[in-house]
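One chain, chain A, links the two complexes that follow: it is found with chain B in the first and with chain C in the second.
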Partner chain A sequence: MSRVSRRRILAERTVVLVATLLFLLPVCWLIATAYKPSNQIFTVPPRLTFEPTLDQFRQALALFDVVSLVRSSLVISLGTTLLSLLLGVPSGYALARSKARFATGFAYFFLAIRMIPAIAALIPFYLLMRDIGLLGSWWAVIVFNTMLNCAFVTWMMFSYFKSLPPDMEEAALTDGCTLIGAFLRVALPSVRSGIIACALFCMMFSWNDFLHPMFLTTLDSKPISVALLTAYGTKDITWGTLGALAHFSTIPIVLMALFMNRYFVQGATNGVQ
Partner chain B sequence: MAEISFTNVSKTYAGGKAAALNDFNLKIADGEFMVLVGPSGCGKTTALRMIAGLEDISSGKLKINDTVANDLSPRDRDIAMVFQSYALYPHLTVADNIAFGLKVRGAKPEVIADKVRETAALLELTEFLDRKPNRLSGGQRQRVAMGRALVRSPNAFLMDEPLSNLDARLRGQMRAEISRLQRMTAVTTVYVTHDQVEAMTMGHRVAVMNKGTLQQLDTPRALYDRPVNMFVAGFIGSPPINFLEGRLVAHDNGPAVAIGEFLLPLAQQGERAARRIDQRVAIGIRPEHLKLSDNAGMPGTISARASFVEDLGADLLVHMEDKGTAASGAVVMDDERDMMKSAPRLKALVDSSLRVRRDERVTFSVDPSLILLFDPETGVRL
Partner chain C sequence: MNAVLPMPHRFSDRRRLFLFLMAAPAVVYVAAIGLWPLSQGIWYSFYRYNLLRPARTRFVGLQNYVDIFTDEATRTAILNTFQFTIFSVGLQLIFGFCLALLLWRDSRFNRAVLAFLLVPSTITPLVVGLIFKALLGADYGMIGYFLSEAGIGPRTGLLTDASTALWVLILIDCWEWTPLMTLILLAGLKALPADLLEAGTVDGATAWQRFRLLVLPLMLPSIFLALTLRTMDAFRVFDSVFVTTGGGPNDATNTLMMLGVKEGLQFFNVGYASAVGNVTLLFIALIATVLLLVVRRADVRINGR
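On to the complex of A and B.
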């Protein structure tokens, strides 16, 4: 290996390391907070050694119905993901295979929907949900997030199906499939990584979403992202409780990202061409 | 088993200037191996996809076994197609790829297993049955694509340039293999290619197409010996035929062509040629019909300096210096003009045991019966 390329690799690794530290530092601080006794959280200078305690977790579990919060988060994000895929994947396919001249433009229109600030739609949507009596239910958030995510899934899957040569579906047609059969049996399995990537995007978006459930859910239906805010008490901010609660909010999504990481990168770079 | 016929079939694309297929008529007999050949964009693939039901027909009638098939869905035609890209299902194993058509049509699992085993054995794919397509070589993928078509015993096979992605050696092997399988199964086969070697060696009959129209439909031998026009003459034969510009003249007791300073007496060229005495003609001479001769300057010979010699192993391809011999100025149809531009020099294919060196002046004689004459305006053979 030449000296230049070795130096280059060293430089690259340094940059990556610095960036990683920069991103991880707040997370590490938050996680560490959950294991510190309350009086040691804000010691100056910050101490790296402390007596670990589970008190913060005890308090968090006593104050919050964590199971119900996590269940709400799960229902909302899984529901959104499922609905977005059910609507978005076939739409993307239809647009990609359409011979109409405006099909591609239409697909980009879907991307534009995703770019509209969601808050602009939130107020009319709030009133709409109130009128049809869904306000405060999981459905309100699921429908709202599906509206945003489905547009994104449509556009993403459009690029995926577009990059898939139609030969295979034509082969399926001559092999005896109907159009829907060719879609289900051949086209769909061929874009598996794209579908998984879309599912991950939707899942993460909905799981981390704070603003929409904040407006659209009630005490019974709120997800953990909203509950985190309630750790801000009236008198003080219970940082330790917040840190403990943050565990339940981040661990599922981090685990998912770790396991699905391969598809995520593949999906994000492969489909968009 | 199927008989397929096109009657006045045309295809125009929205916004497209030229028709992809123009008043196309073709009748493919039951059990026949029909090759559609032509340059890219000639409409051969469009015609094939029409048979498969993958392409709409703008006007005209397509019949499969006396049933008008214009609006029949692909699945109702029971036709198997082999694609240029093979179009194997990447998520299925070789066995599942082959079984796909049977499964979709609801065959019994025992029947499917038997047929897949049989087909795999026939195509020497048995040891790869559990592999996914991405772990196969090009040749193996090609055989899987064949297997997927064969296993169903369909009405007809359609093949769209199935060998174009293979290397030369494998292509030669598969060419023979496909011909053998077709003779064995006697299923009507329509084979699209732009490779004139495949056209010559594989089909019972060959349809030469250009710009959406059928130029000539005949046996490979007849296409080679008696092309109807300059396009067919130029397309069939490798290396391609030489086109020279000349004039028909009367010589001794028959017609002859004068090409620059050379005079080539003609054999029986019929009355049509005789009526054109003193008129310009385009002359087609295949490189392999030029024979080395010692009679320089005699009628029936052409002499020129060898500007370049390609050693092909068994043969030498001698490129002659262009000295008024090539028909560079001939007024002909667009395509033929392109053909001449790309190969303006006279070429001869001679046995490699005969030493021809660069810059040597060589003389060739031509068998008068092998000289083809064309109308330089229309390109039609005289």
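On to the complex of A and C.
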């Protein structure tokens, strides 16, 4: 690969840059609407320039209790992530270390759980939550999303632990370490990046999810994703206000994905191989 | 713990018990929160059961399933879901492979580009729908206006016309998920044995020959796995459809998930919606099985195991 001409690299990079711009420009457009005065968002013909203003943010903050919406999103996604890791990491470890023949089959079962169409389980779950009075609370969403995510974490961690040779744990056990000690102090630290990748995926999934909270939460417990939908359906809310509101829903997750890109890439790779 | 469970003496037994206890919580949780509702859904699907008219609940056997395959609207939803899945995943594979090949060479530039490229796949799918809904409007939309001025597409906008709406949704899905496809394929490319590719260069094969005879066969397992993952997701598409067209105009973009959610959680037609959910699940299981079998056969052919 070393004898590639400079001109070819330049050509390749141009193509890649153009493609990346195609993928970024629509997002930039939405972000930009939040800084435009309402009468300049949609003009005939559309134009690119505008006088920046913060009015849309004022409007968004006046119409929506943004703090409570973001808090709901945070509680739901952090709760889901924490529970999913607590359940999924040990079971992934157990399946990877088990010598039983059905262990790998079980791992695939967990992967299959992640693939079920939400609607097949969501309706009975909705009725169940209604009957036990949890409908409308954060718990309903956390409990449901944890089911999907802990299955995914189990699958991911299964493959991470599988690729980690058990020699170190064996050595620790020979030295008198307990089984739990070998798991906590030897195995866990070696798969730290895998756990971070799992956490990142759980966070993204729950933060971006809106089908489940749309039906499982109420006005006071709804997260920002559901609020965006409600805002969109309301006549007197402008696209600018929507853009401002979308800031709170997209910027945190994009920043997280950018800063933790290494783990994101690693996780996507590991989920596949 | 000793008080509750008799501690086995042999180490291998103790370890087995330990591993069992580690896996048990997740298994029990998934069974209780996932499998139990799923099985209830199967039960409901044999009933005519509407939450708004609970008194008129009655057992109808397989009638809901018969309805799914005979009802015109539902048949459209099934066909739409397949069309959506096949074309969006297919296009994503082509675009994703091209981008992955372009990003293959490890450099700081490529790593930085990849990070930004992933933005569409990370933002809320709902927001993706909103963005394109706004951009494609024929009256004010940044893209829609110029398309309509140039005489391309219907006057009312691409998303509001039955002949184009589904194709636009396919392209939106491509925009959203091609980056993830690129990432998965790039990971596969980077795991290829370097010496084999080197040998191809020395033998004087052209770039196209190297791609067709070396890279493509070696990449088959990654390609099929990426296809499987993306197909599962595309088949369950909901968010972007819900916010851009809501299944319309005239069911032209109705998908199975869209139909199930509308029936179940808006019309409270629990019996029928459960049947739709189960049929979707069945289709997904079928596709996954076929794809996994293909992966295994490709693996056998290439690696001989």
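Definition applied: the second predicted complex is superposed on the first by the 250 of 273 C-alpha atoms of A that agree within 3 Å, B and C clash if a C-alpha of one lies under 4 Å from a C-alpha of the other, contacts with A are read in each partner's own complex, and residues count from 1 in each chain.
One rule holds for everything that comes next: contacts are C-beta pairs under 8 Å (C-beta built on N, C-alpha and C of every residue); 3 or more make two chains touch, one makes a residue touch a chain.
Values in this document were obtained by computation on a predicted structure and should not be read as measured data.
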Comparison of chain B and chain C by chain A residues contacted: C
Chain B versus chain C as contact partner of A:Thr20, first or second or both or neither: second
Partner chain(s) touched by A:Asp65 [first = chain B, second = chain C, both, neither]: neither
A:Met168 touches, of chain B and chain C: first, second, both or neither? first
First, second, both or neither for A:Pro117, with chain B first and chain C second: second
Which of chain B and chain C A:Leu30 touches, first, second, both or neither: second
Partner chain in contact with A:Asp220 - chain B first, chain C second, else both or neither: neither
Touching residues (chain side chain A, partner chain C) in the complex: 1, 4, 9, 12-13, 15-17, 19-20, 22-24, 26-27, 29-30, 33, 42-46, 87-88, 90-91, 93-95, 97-98, 106, 110, 112-113, 115-128, 143-144, 146-148, 150-151, 154, 179-180, 183, 204, 207-208, 210-211, 215, 225, 228-229, 232, 239, 242, 246, 249-250, 253-254, 257-258, 261, 264-265, 268-269, 271-273
Chain A contact footprint on chain B (complex, rising order): 52-54, 73-75, 77-81, 83-85, 87-91, 100-101, 104-105, 148, 152, 158
Touch list for chain A against partner chain B, complex: 165, 167-168, 170-178, 181, 185-186, 189-190, 192
Touching residues on chain C, where the partner in the complex is chain A: 14-16, 18-20, 22-27, 29-30, 33-34, 36-38, 40-41, 44, 99, 102-103, 105, 109-110, 113-120, 122-127, 130-132, 134-135, 137, 139-142, 145-146, 149, 175, 178-180, 183-184, 187-188, 191, 222, 225-226, 229, 232, 235-236, 238-239, 242-243, 256-257, 260-261, 264-265, 270, 273-274, 276-278, 280-281, 284-285, 288
